[in-house]
Every structure is written in structure tokens, then in C-alpha cells.
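What follows is a set of structures for review.
Consider the two complexes below, in which chain A is the common component and chain B and chain C are the respective partners.
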Partner chain A sequence: MTLAAGITWAVYVAHGLIMPLLLAGFIRAGKARLQNRRGPSVRQPFWDLAKLLGKGETISETTTWVFRWSPVIGTAAMAPIALMVPWLGVGSPLPGDLFLVVYLAAAGKFASGLAALDPGSSFGAIGASREAAVSVQAEPALVIGLAALAAHAHSSSFQVFLSPRQAGPHLAVVIPLVIVALWLAVTADLARMPVDDPATHLELTMIHEALVLENSGRNLALVELAVGLKTVVLFGLVAQVILIPWRPLPDSWAYLASMGLIVAGGAVVAAAESVLVKLRWRRIPNLLSFAITAAALACLVVAVKG
Partner chain B sequence: MAFSLPSPFFLAEVGFEFRLDRLAAWFLAVIALIAIPVAGYSPEYMGHLAKRADMRVFVAALPALLLSMVLVVLAANALTFLVAWELMSLSSFFLVATDQRDPSTRRAALIYLSATRVGTAFLAGAFLWAHALTASWTFADWRLHGAVGLGPGLLLVVGLGVKTGMWPFHLWLPIAHPAAPSPVSALMSGVMVKVAVYMIIRLFVLSGPALSHPALGWIVLAVGAVSSFWGVLFALLQHDLKRLLAYHTVENIGLILTGVGGAMAARDLGLATAARVALAAALFHVVNHAAFKSLLFLGAGAVDAGAGTRDLERLGGLGRRMAVTFPCFVLGSAAICALPPLNGFASEWLLYQSVLGIAGGGPSPVTRFLAMMLIGWIALVGALALACFVKAVGVAFLGRARSENAECAQEAPVGMLAAQLLLGVYCVALGLLAPAVLATLHPIVQPLEPNGMPLASVWTLPAASVVAVMGATAGVIALWLRWADVRRPARVFVTWECGFGTLTSRMQATATSFAQPIARMFGVLYGYDVHRQIEGEHRRLFPEEIRAEPKTEPVLESRFYNPIVLWVNQVAEWLGRLQAGSIHLYLLTMFATLLVLLIAGAYVR
Partner chain C sequence: MDALAIEPVGGAVVLLGLWMVGLTHLHSKLWLYGLQTLALGLLAAWIGVQHAEPALIAAGLAVASVKGLAIPIYLGRVIRRIGCRRDEGVLLGPPLLLPATMAALGAILLLRPYGEEVPVSALPAVGLVITGMVLMVSRRLAVSQILGFLVLENGVFVYTVAQPHSMPLLVELGVLLDVLAGTMLAGVLAFRIRDSFDHIDVTELRHLRG
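On to the complex of A and B.
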């Protein structure tokens, strides 16, 4: 391994460990500020995680090995994703592929869905069923949106299609459409507003929180770590799409811009969760059909111009 | 390599001719790979059926099915093929009818038999047509390209399509496959439907091809895409475990046909690389689907034998009682959902790559746009399959037992477990050794792009690094959990019940309720509706009893097939008048037929 490769690995691993918690803290602090509360410090998620890791764990007597292993598999599936998506703006340690990343994320969903059904609680099942229904709509939007870029570049490799050789003026139309599609799909996939409210207190209205209702202690800490990592990686991916028109960029600028855009994404989420109301469950297909339509329009432009 | 039977054995004009090439060898390997675990599984499984069913038929028909599948793959001319094909249909019919005391099995067997008759009628028509055009029964002599290829080609697609279970000819498949004993379901879903796919590849894609027409590729592609979606959509609604798996066969055959049709379409568009990758994806998915679908059917058989039911609404909590079947079933489910690094992912990734090749390089905007939409379509099918298998595994194996049967479920005996473990090893090995599989496939798909790069060069994924990172992460976390568990063991307590006392098994989600959000999303295609009956409605917010029952109406059956069946019945009734026993009428009919034939013979020549 060369020195440069070693540095890339170190940068990605370090950011993958720190950024999820920092972003979560930033979103919480931002929400508190927007709601005229003082709120906890940005560092609070670190203390929360440390507390969860040290706490005892309670598991249901109905569960099997699936329940204990699901967060391990979820985190293990997220780790290569964070190393393949160039979410920090600079080249990622592993060559990434769109479809591999999507199906690795699906592996995490498979594990968490099974873990939710394991304790035999109806809350977990509601969460798993709803999360599956949301991802049936969000996943095609994500894939079609990125497929427009991939078809333009003739490759499903992130390294290739996120910095296309010949940009072409029609990308000025394609990229905003892809960003809209991605953002809607990503927020739905991450169970943020307006699809799901992470701060809700009623089990019946939850999606993601109902899914992990039975998890506690170390088990819950792993789930939160994986979700946090997924959040920053997906925000970073959207940031890379935004940065396409400005490529090629020097590494330092790309890195700074990516970090800025990830934080901006957090700010948008904080604002959305302060001003928006959660959508009624039956209205979610309407929202995500916007995402799919935007992605399909992007494909249409690429197909006509490509 | 070609060989034929000695002269006493011959068919009207030609002998029993066989030929073995690399494509046939690939399918023979698939048959053999699946036949071994199925053979190991059968004795113990059939032991539990022995009281109800006649074993003599089963023991005779199972080897006949295996032999006939081998002969179909080897057949070099249409007549040899038809003989072997009929042997395959009949032997599998007897296998479906093994448990014939059950009226629903008898009905399933009859439906299956009639579906095979329809398929064979189309095939016979296609062969006669092709023979009329080429004056040869040998597949290798057929060169029907362009407009002449369309007619026989369409008949062939329909005739073979009935056997593969492609939409809209799939109706018999979810009825017949679950009715057969589980090892037979595994063979039929895992292998037999692939034999029909083999013929499509042989006649339309490779060795010549024998037939081609620009429309055929698009037809196969479109029908494959619709099948994949339709299969998974209806699988979601099922609560019979084997029926659910049978609908997933429709889905996966759809994906395979998408690859085959994509290969034909891309070849016609001049996209040699995309065509080659699409065919490789289809061939790879053939063996992958054979491995995980057989695994899942054998697992369903173990559930059926151990718990006495395969109705998901009566299962639950089997994971703690079936310590080997459960992880095997989870592995098979993960593989069929195409989760990396298992085998399903490898072939689906190739399929994505080929479609992306068409999306990037297609000659017209319409082609490119449709290809991009197809990528999203496959992603949608993938997300639905994931939901369906979370449901199937979660409701059958996790949570609490929903019936006494499930509570007293027994793990299967050693032979049945060994068969599942072997198939599980296939799923992992085919995924991890994907580059080696591609190297094997290279000479088979070479004719589509004679001077292309080695096929393994398409495989650009950092699969080894990904597996290493996953393993290292999981290992570190597991070690740490071990340490933390020793220091502070997890407390075992009841599932959270909001403080209201014990939960019962009826408070869990059922298979129906888990699928409800998605079922309503696609309700138009199902005719999905929830019938509510409220008693004591005058008490406004406190009624006495509320009953809600979801109803679905299979649109294809009610709108398309039922009218046809009704019409056939009416015609049959009308024709029945001729059979009233009047000898004058019979003589008149014979005379009229002779007259028509004489006139036709005089004028057609």
C-alpha cells in the first residue's frame, strides 16, 4: 500500500467514526436553536454513545440469534459502503459501484427487518413493514436518479460517473433533477421528515423508531452508529452530485466543499424537522412519486442528449 | 459432440439424435448439481408422506424426470426433443399427483397437465412450420432470419413460455409447484423451468441462431420484465410458504428472460458487449436460482414435515426449534434477495451492467430511456423481493408460535439437513467464486462477441476487499460484544408490552398484515380491497365487533382467462350436440370432412 492510499484509508475511517456523531449533534443543536431552545451541545451524541456502550442490555426472551447479530451485520454492511462512496470529495479507498452499494444497504435492511420481527412485538413488525414499503418507493428513485448519471458516463462506478469527462450543457438540467430525486429518496430512506419523525413518542406513528424499539444498550449503540454512518455517506453522495459541474476540483477544495454540503444537509434536515409536519402515511407515495418522476425526467434528458 | 441411437430406434424421418456442446453441458451441470442434494433429501422426506401417497409412482417418475430433462437438453432435432419433452411433462405430472388423496392436489395436477398440453400444441405448431420452411427437423439446419422467423418464433416463445412460467402463462406454476412433494418442487422450480429457458437460448441466441427477428428480442425482454414484477407482487400476498416460493420462481424466470431478451435485443442493435454480458447474466442466474430456490423449497419441506403445516399464519417461532433449517433458509432468502456477497447478487449485477450498456450505448433515445427505466424496474423488483422475504422468514421462523403445530415443531432428520447445507454452500461458493464462474461462461457466450475481452474482465467489483472489510468489522464487533457480554451479561426479559401484561401470539403481525402497506400501494393490480363489517355501529366510537378482511381479485384470471374458459366451455357444449348418438350425423360429418380435405388437397398444391 502506498503512502497516499494509506492516508486515504485513514481519512475515510477517521471521518466515518467521527462525522456520524458530529452531524447528529449538529442536527439536534440546530433544531434546538430553531425552536428557541438551548438544547444539548454538539458533542452530546458522543456521550450518548458512550453511555449506551457501557450500559447493560435487555433482550426479549422470544428472540433468536438474529436479534443479537442483526446490528453487527448492519454495521458490517455499512463499513464497505463508507469506503466505496467518495463522500468526502476525494477519491475513496475502494473503487465503488452503484449497484453493489445499493444491495449492501439492502443487506442492512434485511437484517434490521428480521430483527424487528424477532421479539414477536407488533410495534417492530409495523416498523419493518412500513420501512419495507417506503424503500419499495425510495430505492427505485435513488437508483434511477443515479442511473441517469451512470448511463451518461457509461459506467456504474462512482469514481467515473461522479466526475464525468465531458460534462455537456444538458447536465445543467439533469443535475438539479437528480438532486431533487436523491434528496427526497435519501430523506425517506433515512426515516427523516416529512416521511418519518425521529423525535416522535407514539409507537403507532413511528417507522424507524418502532423498528428498533426492542434494541437497548450495546445493540442500540450499533444500530445508531450504522444509521449515523449511512446518513453522512448519503448526504456526502448528494454533495458529490452537486459538485459535478465544478469538477475537476483540487482535492482540498473538494473536501472542504463536501464537508460544507454535508453540514448544509444537516441544516436543511434540522429546518425541515422544525417547520414541516409529518406526512400522513397514505400520502408518502405522492411525495416519492415526485422523486421518481424527477429521476425519470433526468433519464429522459440524458437519453435524448446522450 | 454428436451421437445418435442405432437404427432400430428411429422417429418417422430422423433418428434419435443428440449433441453435446458447452451450452448443453452448462445446463447438464445445473441438473446434476441440484439432483444430488434432492436425491439425498428425498428418502427421509418421502418417509413422512408414505402413509398418504403411493411411493411406487414416485420412485418410477423421479428418475424418469431427471432422464427426460437430460434428453431435452441433449436433443439435436425437433422430434427427439418432443419425445423427451413429453416424457418430462408426463413424469412431472405423476410427481405432482403423488399426494393424490388431496382433492386440491388432484386439481393442481390436472391444471398442470392441461398447461403442458397447451404448451406442446404451440411447440408442435412451431416445429411443423419450421419444417415446412426448411424441410429439416434438425435444429442446426434451421436458418429462419427476418420476417420468416417471426411466426414460428412467436409460437416457440409461447410454447416454451408456458413451461417456464413466464407472464401471462404462469398461472399453473403457483398451483402445481406447491402441490408436489418438496423435493419435486425443488426440482421443478430449480431445474425443470430452466430446461425451457435452455431451449430459448439455444434456438434464439446461440448456435446460429436458428430463428431471429428484430421483434422477438423485445418481446422476450418485455415479457421477462413484466414476469419479474408480477411474480414478486403476487408472492407478497401469499401466506402458503411453498406458493410464495413458486411465485418467486415466476419472478426469477422473469429476470432470466430479461437477460435472454436483453441479449437478443442488444445483439440486434449491434451492442455486442452488452449482449454477451446479458446472456452471461441469464446463464449465471440459471444456476444461482437453481441453488437458492431448491434450498428454499427443501427448507419449506422441512417446515412442512416438522410443523405439519406450511401456512405462514399458523407458523412462527420455528427458528428456535429448527437450528439448522432456519439459518439455511435465511441464507437462501438473502441469496434470492441478491444480497452481496452471495450468488444472487453476482448475476443481478451482471444484468444491471448489461442494461446499463444498452442505456449508455443504445442507438435511439427511446431505447436508451427504456433501458434506464428498466434499471429502476429491476431495483423495484429487488426491493419488493426483500420485503417479501423479510415477511416469509420473519413470520415463519421468528416471533411466537401461532399454533400448537408450530409450538411442537421438530427439526428435520440428518439427510434433509445435509441436503440444505450443501445447497447453502453452493449459494456462498457461487457468490465468492463469481470470477471463476465467468471464466467458465466465457466460451459459451463468446459467439456473441467473437473477439471480445475475457468475460471475467467485466467483473470490476472490489469483491474481495468488501468481504474482507465486512468480515473484519463484524469480527471486531463480535469480539468486543463477547467481552462486553462476559463483563455484563444481557438481561433476558419479556418483549415490551406497554406495561399491559403478557403478549399473545395473536398480537403479532401476520403475513397478511405485514404485506398490507405494499398491497395497498399496488392495489389496482390485485383488485385489493378491505371488507369491513362493523356491528353496533350506532354506538359510534364503541362498536361491539369489527371484522376486516382483505380481499384480492386476480385481475389476469378474472378479466382474461375466465372469459376464455367460459367460451371454450360454451363451444364444447355446442359441439357436444354432434355426439348425440345419431349415426346419420356421424356419417355426414365424416363425409363432409373427406370432401373438405379432398378439395383442400386439390387446390393447395
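On to the complex of A and C.
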């Protein structure tokens, strides 16, 4: 391994461990500030994680190994994704393929759905079914939107299509469409507003929180780490799409811009969660059909213009 | 023809039309229509400035002010007075209709079944006519069907703008007057339908009343 590759590995691993918690803390602090509360410090998720890791677990007697291992599988699916997607703006340590990444994330989701069904509690099952319903609608937007960029660059490798060698003029149409599609799909996939309110603990309306209701202790810590990692990686992915028109960038600028955009994404999420109301469950397809249509339009433009 | 201005504005306008297909909220649909028409009128005026054609400038500004501002304000008052807010559509709900319309537009763009006689710069016109038709047949309330008709008419306007020699000013203004009168009449008609049937849901208009 060369020195440069070693540095990339170290940078990605360090950011993958720190950024999820920092971003979660930032969103929480931003929300508190917008609601005129003082709120916890940005570092609070670190203490929360430490507390969860030190706690014992309460596990229902009816559960099997599925419940035990699903957070591990979820985290193990997220870790390679965080190494394959160049979400920090500089080349990622592992070569990444768009379909592999999207469906690895889906595998993690599948594991968490199974784990929610395993204890046999009704809320977990509701959460699992809702989360599956939302991700079924968010996934086409994610895949088709990224596939539009991949088709433009004639490669499904993130390293190639996120910094295309020659940018056609129609990329000015494709990229805004892809950004809209990705942002809607990402917020839905992460169970953020306006699809799901992470602050709600009303059993009848919550989606993601119902899914992890039974997890405690180290299990919950792993789940939160995986969700946080997914948040920063997906925000970073959107940031890379936004940065495409400015490529090629020097590494330092690309890194700073990606960080800035990830934090901006957190700020947008915090603002949305303070201002918007949650969408009614039956209106979610309405919102996500816009994402799918925007992604398909981007594909169409690429197909017509080459 | 300067395709430089027509392509982005035409694309944006068709996007706005598609967006309208996916919406259920009447007021937001109305404002999208206003934005669309304003963009079209200003595009026509801009092309007129570029080619030094005062007729096109006048027609563009007239379209922008009458169809882009006056008609949305009028229809907004109609909607407020009738008191309807949402239109969930018939047969296909907007979540399914939106990708379906998009697929139809894509098929037309890729296959071009009408041959080569329609120039590329007129493709936004074809897109708008189709979205307008979709809006007209898929909606439940009389007011949103008026909106669909107006979008269709916008498509015709784009087509005339995209021609190398656009329509004479007189024809353009005549069409504008017709559309204005038609919209006014349709708005009044919507009131009358509401008065005699207590709603403006066209799917319920199957039975005769004495």
C-alpha cells in the first residue's frame, strides 16, 4: 500500500467514525436553536453512544439470532458503502459500483426489517412494513437518478461518473433533476421530514423509530451508528452530484466543499423538521412520484442527448 | 431561430406542466400555470427583441400580462369563492399519472411518431399539448379542467413562437382574446354548476335534474 492510499484509508475511516455523530449532534442542536431552546451540545451523541455501549441489553425471550445479529449486519453493510462512495470529495479507498452500493444499503434495511418482525411485537411489524413501503418508492428514484449520471459517463463506477471527463451542456439540465430526485429519495430513505418525523414517539405515526423500538444497549448503539453513517454518506453523495459542474477540483477544495455541503444538508434537515409538518401517510407516494419522475426525466435527457 | 433561449425555457415550461400533473392542490397548480405562462410570454418578448420584431414583443408582453397574471388571479378568486382546495383526480391518482405522463412524453421525444416535419425547437410545444390534455381528462373538478385547457393553449403558443416567422400580431391577439373570454365564461359556468349541483365535480354530472 502506498502512502497516498494509506492516507485515504485513514481519512475515510476517521471521518466515518466521527462525522455521523457530529452531524447528528449538529442537527439536534440546530433544531433546538430554531425552536428557541438551548438544546444539548453538538458532542452529545458521543456521550449517548458511550452510555449505550456501557448499558446492558433487554431482549425479548421470543427473539432468535436474527434480532441479535441484524444491527451487526446493518453496520457491516454500511461500512463498505462508506469506503466505496467518495462522499468526502476525494477519491474513495475502495472502487465502488452504484448498483452494489444501493443494494448493499437495501440489504441492511432488509436485515433491520427482519429484526423488527422477530420479537413479534405489533409496533415493530408496523414500522417494518412502513419502512419497506417507503424504501420501495425511494429506491427507484435513487437508482434511476444515479443511473442517469452513470449513463452519461458510460460507467457505473462512482469514481468515474461523479467526476466526468467531458461535461456536455445538457448536464446543466440533468444535474438539477438528479439533485431533486436524490434529495427527496434520501430524506425518505433516512426517514426524515417530510416523510417521517424522527422526534415523534407516537406509535401510530412513527416509521423508523417503531422499527428500532425493541433495540437497547449495544444493539441500539450499532443501529444508531449505522443510521448516522448512512446519513452522512448519502448527504455526501448528494454533495458530490452538486459539485460535478465544478470538477476537476483540487482535493482540498473538494473536501472543504463536500464538508460544507454535508453540514448544509444537516441544516436543511433541521430547518425542515422545525418548520414542516409530516406528510400524511397516503400522500407519501405523491411526493416520491416527483422524485421518480425527475430521475426518469434525467435519464431521458441523457438518452436523447447522448 | 435562436434555440439557445427556447431550449432551456421550453424544457423548464414542460417541467412546470409535468409538476402540475402531479399536484392535487388547486392553488399551487394555478401559480405554477401563472409562472409557466409568464416565462413563455417573456421568452416570446425576448425573441422579439433579438429579432427586432415589435409584433412579437407586443404579443409576448400581452400574453405575459393577460394569461400569466390576470387569468390566474381571476381563477384564484373563482376557486376561493367556490371553496374547493384539492382535486384528487379520476381513474389514476397523481402519483401514478405523473410517471405515466412522463413515459408518454419520453416515448414521443424518442420515437417521434409524427415524422420529421415538427422541428426540434417545437418539441416543448408537443410536450405542453400532451400535458394539457392529460390535465383535462384526468381531473375531477371543472376548474382544473379549465387549467388543463389553458396549458394546452400554452403549447400552441410555444409552437407559434418556435416558428421562424411567427403568427401575425392580429391573430395572436385574437387568440388571446378568445382564451380570455373562454376562461371567463368557464369560470362563470363553474359558478353556475356549483349553484345548481352544490359541487363542481364533473364525475357527478351524469344525471339530469329538472
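As a convention for this text, the second predicted complex is superposed on the first by the 306 of 306 C-alpha atoms of A that agree within 3 Å, B and C clash if a C-alpha of one lies under 4 Å from a C-alpha of the other, contacts with A are read in each partner's own complex, and residues count from 1 in each chain.
Please note the rule applied: a residue touches a chain if its C-beta (ideal position, glycine included) is under 8 Å from a C-beta of that chain, and two chains touch if they have at least 3 such contacts.
Since this is a predicted model, take the numbers as computed values, not measurements.
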#### Entry: First (chain B), second (chain C), both or neither touched by A:296
both
### Task
With the two complexes superposed on chain A, say which partner A:286 touches: chain B (first), chain C (second), both, or neither.
second
### Task
Considering only touches as defined above, state whether A:304 meets chain B (first), chain C (second), both or neither.
both
### Task
Applying the touch criterion given at the start, work out whether A:77 contacts chain B, chain C, both or neither, answering first, second, both or neither.
first
### Task
Go through the superposed model and pick first if A:118 touches only chain B, second if only chain C, both, or neither.
first
### Task
Quick one: name whichever of chain B and chain C touches more residues of chain A.
B
### Message
Going by the contact rule set out at the top, does A:196 touch chain B (first), chain C (second), both, or neither?
### Response
neither
### Query
Now for A:110: first (chain B), second (chain C), both, or neither, which partner does it touch?
first
### Query
With the two structures laid over each other on chain A, which partner does A:66 touch: chain B (first), chain C (second), both, or neither?
first
## Note on the structure
Intersected contact list for chain A, partners chain B and chain C 285, 292, 296, 300, 303-304
### Query
For chain B, which residues are in contact with chain A within the complex?
316-317, 319-320, 326, 330, 333-334, 337-340, 345, 348-349, 352-353, 356-357, 359-361, 365-366, 368-369, 371-373, 375-377, 379-380, 382-384, 386-387, 389-391, 393-395, 397-400, 460-462, 465-466, 469-471, 473-474, 477-478, 481, 484, 488, 490-498, 503, 505, 507-509, 513-518, 521
### chain A - residues contacting chain B, complex
53, 56-62, 64, 66, 68, 72-73, 75-77, 79-80, 83-84, 94-95, 97, 99-100, 102-104, 106-107, 109-110, 113-114, 116-123, 125-126, 128-130, 132-133, 135-137, 139-144, 147-148, 150-157, 203, 213-214, 217-218, 222, 281, 285, 292, 295-296, 299-300, 302-304, 306
### Message
So in the complex, the part of chain A that touches chain C is made up of which residues?
### Response
172-173, 285-286, 288-290, 292-293, 296-297, 300, 303-304
### Task
Sort out for me which residues of chain C touch chain A in the complex.
8, 11, 15, 18-19, 22, 24, 93-96, 98-99, 102-103, 105-106, 109-110
